Amino acid sequence: MTPEEAAFQDRIDADIKIEPKDWMPDEYRATLVRQIGQHAHSEIVGQLPEGNWITRAPTLERKAILLAKVQDEAGHGLYLYCAAETLGVSRDELTEDLLSGRMKYSSIFNYPTLNWADIGAVGWLVDGAAIMNQVPLQRTSYGPYSRAMIRICKEESFHQRQGYDIMMKMAQGTEAQKKMAQDALNRFWYPSLMMFGPSDKESVHSAQSMAWKIKIDSNDELRQRFVDQTVPQAEYLGLTVPDDKLKWNEERGHYDFSEPDWTEFFNVLKGKGPCNTERMNGRKRAWEDGAWVRDGLMAHAQKRAARKVAAE
Amino acid sequence: MTPEEAAFQDRIDADIKIEPKDWMPDEYRATLVRQIGQHAHSEIVGQLPEGNWITRAPTLERKAILLAKVQDEAGHGLYLYCAAETLGVSRDELTEDLLSGRMKYSSIFNYPTLNWADIGAVGWLVDGAAIMNQVPLQRTSYGPYSRAMIRICKEESFHQRQGYDIMMKMAQGTEAQKKMAQDALNRFWYPSLMMFGPSDKESVHSAQSMAWKIKIDSNDELRQRFVDQTVPQAEYLGLTVPDDKLKWNEERGHYDFSEPDWTEFFNVLKGKGPCNTERMNGRKRAWEDGAWVRDGLMAHAQKRAARKVAAE
Amino acid sequence: MATKDHSADLFEFLLRMGDNTLILGHRVSEWCGHAPVLEEDIALANTALDLIGQTQLWLGLAGEVEGQGRSADDLAFLRDAWDFRNVLLVELPNGDFGQTLMRQFLFDAWQELMLDALKGSSDARVAEIAAKAAKEVAYHVERSGDTVIGLGDGTEESHARMQAALDYLYPYVGEMFESDAVDAAMAQAGIAPDPASLRDAYDAKLAAVMGEATLSTPDDRFTHNGGRTGRMHTEHLGHILTSMQWLQRAYPGASW
Amino acid sequence: MATKDHSADLFEFLLRMGDNTLILGHRVSEWCGHAPVLEEDIALANTALDLIGQTQLWLGLAGEVEGQGRSADDLAFLRDAWDFRNVLLVELPNGDFGQTLMRQFLFDAWQELMLDALKGSSDARVAEIAAKAAKEVAYHVERSGDTVIGLGDGTEESHARMQAALDYLYPYVGEMFESDAVDAAMAQAGIAPDPASLRDAYDAKLAAVMGEATLSTPDDRFTHNGGRTGRMHTEHLGHILTSMQWLQRAYPGASW
């Protein structure tokens, strides 16, 4: 470790935030760009499965809530792209990386939303898992990222409650609604467990990231925490978690549960999830169809600036 | 009148068909091209208001019937373009004329189909009026046109019966269905009357066209015939024709009825009907988006022909 | 408060207000996640959200005035096309981003004037909704106007697209200023202005924005109509309803 | 006839057959009036018509086998997405004309083989429907195959579009050849072939057509699935149903 690296690590160990102008190891910067960028992209792509139900939301109130939520997600994307920009990478560069497939987004958004209860499940399970991941990141070592996470977590927990509220309505509703709720849980349970990533034993980057406080808890710890929190909620809803092996382990003080199908996880990561193609095509189309708008607004801004100079 | 013209007129007066290779006056040819082309375009554009309900047809049977009908209309378009081609104008030329607005299609297709009963009304009233126009044209002087009309009329009367059958179901259905049926009649009555064109008194071309047997009956005669036929059918359905002045005139042996709003007619003709823009945009898009298909198939045909030559 | 004698007309007026915001809100919400730039995704979602919120107020009051126990949701999700009273403009397809923003500006500019007048309504409930909505709409019209200007006076392509959008949409503008017996009753009762009385101010606003945008407003004042009277909507409305009303139609009586 | 013991499986099998033709028929019918050339308008309408006609037969028999009084229309218009049993391939959007025809060919080629086998079904009703449908499908596959060849071996642009269509659609092909307990029961009863048994002939057909079309079939045999078991459809199916089922949902119990 060079003296610079040692000083850097001392600051982190002392819980002093790293700020954009501070020296930092290249690998720290690169890891952060990858992590923040991927998170930002997830917020953007994450609009699509929910957007799929905006035009079919069953009441005006539900439609308004869903719109507000999707708007928040775009806002989160914005915070995160700004945080990434402090590391010297522009939003357009990150977008190009997303569209070319060089950067990823959370695989969960490659699953379809097929009935209205899915919108509840996305809030309850997906946002629930996201919060589980994000809450510790409020204490992450990089200042702008930490501050973005603080803002985001506040809104996310609101979203999670709204999602749970939808599930509650559905679980207490008609037979068809109950069936929708169970169907949603069946389809989103394992993909939600996958959101924490494969077991840390298999993850190469984890140790360094944890030392740098870019990553705070292990994937398995977070997954266990999620299961422990979610199972009683499912029970309260009267829904059945689709796992025969799910059982409270008195000794461990945790639930035992089945691992998700990691083959499926890696397939989805490779682009073979149910919706990868649709999601990427959706984003590509938005970007390509919007080129004339971005160009037009840019040209106008330049004209205005030129006129202003000429007038001075 | 030149001797050629006189001989031509004699043939027509003797009910001998004019065939493609026969001599004919330029104006006869031009009038026929305009009339047949406009009729062909009407069949093509006429697919759109009905197509608007294919994806929403209420039963499998109704969907099948509607598909068969729309398919017939495209087929009619094909017969008519072929008849026009015998006069030396290609289908592509006619299509370009339609898309550039140089040629028209029947204004009735610029009215929207807004509820399922409209599909009944289109069959009953619009096809009904079309048949009224077309039956005499089976005897028109130009052979290919006459033969096309004979084939078309057979199918059209079938369509009209199907339309009336829908109206019957609706008129005998629930309160909402009855209301749909009445609403459809309210909106399609006057546009159907307009299908016969303005009063002959105002039409400059009529006399010559009638002498040439391109036009057989006067617009007003046909309109009266349509009203006389349709009013009892409406009564049988228990529907009210939206005309306060409608009344049986014992002396004339016909119904007295209100003229349609000819200002509206001329507005629609000028492109200001409710759906002119949508219809033309629909056709333009089909044509432009399909260019690569036409080019591709043409290129393939040429390659095949070239290969065949090379193999010989 | 002047409701008793005018309740049928007031109901109709409120449907017109609420159906406008409902259908436009629906259209705008179709953009979700597909805007040309992230800030626009946020702005479009925000606009849709405001419009749906206004719909809740207008249709909520409409149901109250009607007095037959219909909620805002009942009115939104259980009427068929012929019972809708929105102007045709708001039903038209989104087209490209330019067409969507042009439609938005043409509507926002009208809505701003209408709401401003409604703030002085003799019906306190109407005045209250108008006051709340006016704050949101002031922001909408500023934003949509700026975007029309930016794209109109942008590149050659953006200018051409915005001109095409204006040419396509302008023949639907006049309907917002048409008056009928309902409007006369509302005007007489001091509940709402005669829409025709708003046209001059609207034209001035349009001239200013289109001038800056270097766009030509068509001379022809011909207008399509039939939406706000329910006489004849476009074919688009029925398709909107198939999505919008799907769950309520497929699962009648369920609570969401 | 072997129905008694297998009626639940047979019902499921018949839904798979009928939902395939229903959903594909619906998709194809969306083209109405918008094809690149008039002959194609006719051909597409004709294909849709045949598919809807086959749907009436398959779903009609399904309702009969189920024995709960549901008609073909009830099954088509009153089930929600999760009860549909079509393969995902037929739900996918039309895209451009090339994508529509590529999807058609990939389905037609399977359907031809399936129907050919079903003509020898131990269930006379199934055999009869298959015999009728096979005649129509022989024409479909000839036409869609010729079009795939014509556009694949056409211009540079048409070639590129057809290759893109094949790349997009091929990962949905495998689902047509998957087998489960339902298929095993059908095969054992001699009612229907094991779908997997059709794959070799399909691959040969595909190789021949794609060869002539100068298109490259992807090597990867990965397949999306979930449609024919009902485990997980695409997001597209729900949107299809909003249109398809609109009138039956909005006006329950009416007769059309």
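Note that the chains are named A, B, C and D in the order they appear, and that numbering of residues resets to 1 at the start of each chain.
The rule we apply is simple: a contact is a pair of C-beta atoms (placed from the backbone, for glycine too) under 8 Å apart; a residue touches a chain by one contact, two chains touch by 3 or more.
It should be emphasised that the depicted structure is a prediction, and the values quoted were computed from it without experimental measurement.
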(request) Enumerate, in label order, the chains that touch chain B and chain D alike. (result) C
(request) Between B-C and A-C, name the chain pair that shares the greater number of C-beta pairs in contact. (result) A-C
(request) Express in whole angstrom the distance between the two chain centres, defined as the mean CA positions of chain A and chain D. (result) 37
(message) Can you work out the whole-Å distance between the CA centroids of chain C and chain D?
(response) 42
(message) Residues touching two or more other chains, restricted to chain B: which are they?
(response) 56, 176
(request) Would you mind listing the residues of chain D that make contact with two or more other chains? (result) 80, 242-243, 246
(request) Please categorise the chain-chain contact pattern as a line, ring, star, complete graph or other. (result) other
(request) Spell out all pairs of chains that touch, sorted by label. (result) A-C, A-D, B-C, B-D, C-D
(request) State the interface residues of chain D toward chain A in the complex, per the touch definition above. (result) 80-82, 168, 171, 222, 224, 226, 232-235, 237-238, 242
(request) Name, in rising order, each residue of chain B that touches chain C in their complex. (result) 49, 52, 56, 112-115, 176, 183, 187, 267, 272, 274-275, 277-278
(message) Give the list of chain B residues in touch with chain D in this complex.
(response) 44, 47-48, 50-51, 54-64, 67-68, 70-71, 74-75, 77-78, 81, 91, 116, 166, 169, 173-174, 176-177, 282-283, 285-287, 289-301, 303
(request) Write out the stretch or stretches of chain D touching chain B in their complex. (result) 22, 26, 29-30, 32-42, 45-46, 48-49, 52-53, 55-56, 59, 72-73, 76-77, 96-98, 147, 149-151, 153-155, 157-159, 161, 243-244, 246-248, 251, 253-256
(request) Mind listing the chain D positions that touch chain C in their complex? (result) 80, 239, 241-243, 245-246, 249-250, 252
